[in-house]
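This is the structure I have questions about; it appears just below.
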Amino acid sequence: MKKILLTGFEPFNQDSINPSWEAVKLLDGLNTHLFHVRSIELPCVFGQSVQQLSKAIALTQPDIVIAVGLAAGRSEISVERVAINIDDARIPDNANNQPIDIPVVADAPAAYFSTLPIKAIVQKIRQEGIPAGVSQSAGSFVCNHVFYGLMHHVAQHSPNLRAGFIHVPAIPQQVAKGGSNANQPSMSLTDIVRGLRIALAVCCTQQHDIVVAGGQTS
Amino acid sequence: MKKILLTGFEPFNQDSINPSWEAVKLLDGLNTHLFHVRSIELPCVFGQSVQQLSKAIALTQPDIVIAVGLAAGRSEISVERVAINIDDARIPDNANNQPIDIPVVADAPAAYFSTLPIKAIVQKIRQEGIPAGVSQSAGSFVCNHVFYGLMHHVAQHSPNLRAGFIHVPAIPQQVAKGGSNANQPSMSLTDIVRGLRIALAVCCTQQHDIVVAGGQTS
Amino acid sequence: MKKILLTGFEPFNQDSINPSWEAVKLLDGLNTHLFHVRSIELPCVFGQSVQQLSKAIALTQPDIVIAVGLAAGRSEISVERVAINIDDARIPDNANNQPIDIPVVADAPAAYFSTLPIKAIVQKIRQEGIPAGVSQSAGSFVCNHVFYGLMHHVAQHSPNLRAGFIHVPAIPQQVAKGGSNANQPSMSLTDIVRGLRIALAVCCTQQHDIVVAGGQTS
Amino acid sequence: MKKILLTGFEPFNQDSINPSWEAVKLLDGLNTHLFHVRSIELPCVFGQSVQQLSKAIALTQPDIVIAVGLAAGRSEISVERVAINIDDARIPDNANNQPIDIPVVADAPAAYFSTLPIKAIVQKIRQEGIPAGVSQSAGSFVCNHVFYGLMHHVAQHSPNLRAGFIHVPAIPQQVAKGGSNANQPSMSLTDIVRGLRIALAVCCTQQHDIVVAGGQTS
């Protein structure tokens, strides 16, 4: 049985909730014949977020780590392919940091690829009737920062740990409120939780990724 | 207690399901202290759809009629404001008719406004956490055709009947399948049904519409 | 030779220019073997805009009137099909009016259709390499207000006058500035002017519209 | 005076023209006090495209190389930040290759960052009234392949060569034709050429990039 560490984020940018944490919280403590889940909430803060994640990995010794974040404006669960070594913030984080074009980790590789079976996850989620896709960019804000920090930690300390990042859409409640989320696509929290749960199972059963197209022309 | 006639459409354009009928079907027979619902499925065919709707109105003598259709690509429940007197089909209907720039009804008004309390419906659906908005165009295909035919029937035969049209998004299952629905926003069938049920209640309790902005700049 | 009256709008909503007037201004005074153009700028104000347009029609006695407005967010020249009898303003106009769900003209028809050859205009503009389409909604702000006011004036006073409305995209300069226009599609002023000039010629030569699909499914 | 090598692509995916080559071709031979331009057309083929580019670099010994490609669907000139070491083709290339999840170069870094002053380029193009932005993903098709191949060549053989990739929108003529490009945003070839020319000048004058936000939240 695999130990899975799941992370979600606290709210940011004037939102009062963050669906990544709402979803991940609901999976905390889940025990199946395949896996056991431990979920934690990360601050939406450069630096601190990665430090807390690294501590949690040291503490819980998971086999799999999946960090989850909100991608407002996207309509599907998007499984990220690659983390890049850059922080470039359009808006301040929750501690009012706004790094611009600073490496996440100095003198480290330009990028890391997810080691989750991303194509298999997407295929299985879609087979269960939930929109999903591979994404080629996790942005350059705290989500990408945590994704890169996670993969760098793995590369340095835990080469056998399987790790990656999944972005989820806004939930209907956020969009219905209007404001900066108005007119955006959304996904029900139920489908987000179902989709993540499918991802967890696939990570436990799928040793190598499948070969199906999932890229983008541009 | 109000008698409500709800209509949904059969699938069209290579889809195997139409969420408008899936949702409306689930509300068939619903009895509350405010209303009783009778739901019927309309063919996605110019002419026949309006004929069947007119027959159902004559037969069931409803107080309120709400026709519901699919608007693939939209991310919210959209309450239509106006039906226009034109059929202009980009694709053939299910009987292979493709009228171009033909009036729905010859020598009839250019348009009819919905007589539902559209702003109150939108406000209440959003208060319940479901994305919704007013739409200024129901297109020029069978949805607008049924909407116009319905309002013309009301104008001719049943001036006290309250009537209008609501478009609903694609559901996640359609988008997950890929094909022509790939990458579109979606809404869970549960939220569509909840949203429609709210609309029904508002139509029974809200005699006059509320005054809140809901238009579009262009 | 036809006399054509063209109108554009003054800037609104924090913009310093309005491409509708920038384009229309460049066509003022144009003489070809088919037509002579007179262009005027309308205030972005409910009521006044229609009054000034009506005066200009009375004064210049045109054969054709085309009102032009900005549709930020659209990527093509959109030839409007129908004006609806409603003012519903999301934002105040330039005189700080914000009518909500008020008819443009009390006790007047719900809508008027454009009497321009809309499909022929779209086809010809596209043949010349410029994106164009038919639009089923001119919104519910001052553009629709002027369009409706124009068509009502024609219906009341000048049944032989050919009239309609064309929306144009933002221009690159507006989008490059960022702010509320950031990330929107745009069209060069040159292509907007070329497209409008094609529209003028088609209105002079095309007595009846052509029969090609141009509607929307929803 | 700097020697600049510019590349564009041949048409692909049923298009008869590729605006990247149309634009780059117009800059071929340009001599200013800052730079001299040499432009070449690359095949839209995995492998061959990079081989031809490497040969051209060896032959012309440029100081700066900018590869340019089409990003249909985008509305601005997008200056790419990072090339990733993956080929994942949704559609076959022009030689009918469709690699899926294959590294561009085996045993090479996961990614390379552009060495162009990307923020300064974006700022200057926008100051000249042309929409532009930084992009965090060049996709996973032949554009990213060439970008990665270029940066790997530089890393291996020409550490002082400044190099990067710029995506340009579709041009109006492609969109006006309809088909797979219908309804997409576009940019005039004139503005694309002007934007690229600005980029060339900035690469010659701007030694270090400027510090302004240009990232994405997700």
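Letters are used for the chains, namely A, B, C and D, taken in the order the chains are written, and counting of residues starts over at 1 for each.
Operating definition for what follows: contacts are C-beta pairs under 8 Å (C-beta built on N, C-alpha and C of every residue); 3 or more make two chains touch, one makes a residue touch a chain.
Note that this is a predicted model, so its numbers are computed, not measured.
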{"item": "Minimum number of chain-to-chain contact steps, chain B to chain D", "value": "2"}
{"item": "Far-end chain from chain C, centres as C-alpha averages", "value": "A"}
{"item": "Length of the line joining the C-alpha centres of chain A and chain C, rounded to whole Å", "value": "46"}
{"item": "Centre-to-centre distance between chain C and chain B (centres being mean Cα positions), rounded to whole Å", "value": "29"}
{"item": "Euclidean distance of C-alpha centroids - chain C vs chain D, Å", "value": "38"}
{"item": "Junction residues of chain A, two or more chains touched", "value": "none"}
{"item": "Chain B residues touching chain C - in the complex, by the definition given at the top", "value": "13, 69-74, 81-82, 84-91, 98, 100-101, 109-113, 119, 134, 136-141, 143, 167, 209, 211-218"}
{"item": "Residue ranges of chain A in contact with chain B within the complex", "value": "75-76, 125-133, 172-173, 175-178, 183-188, 190-191"}
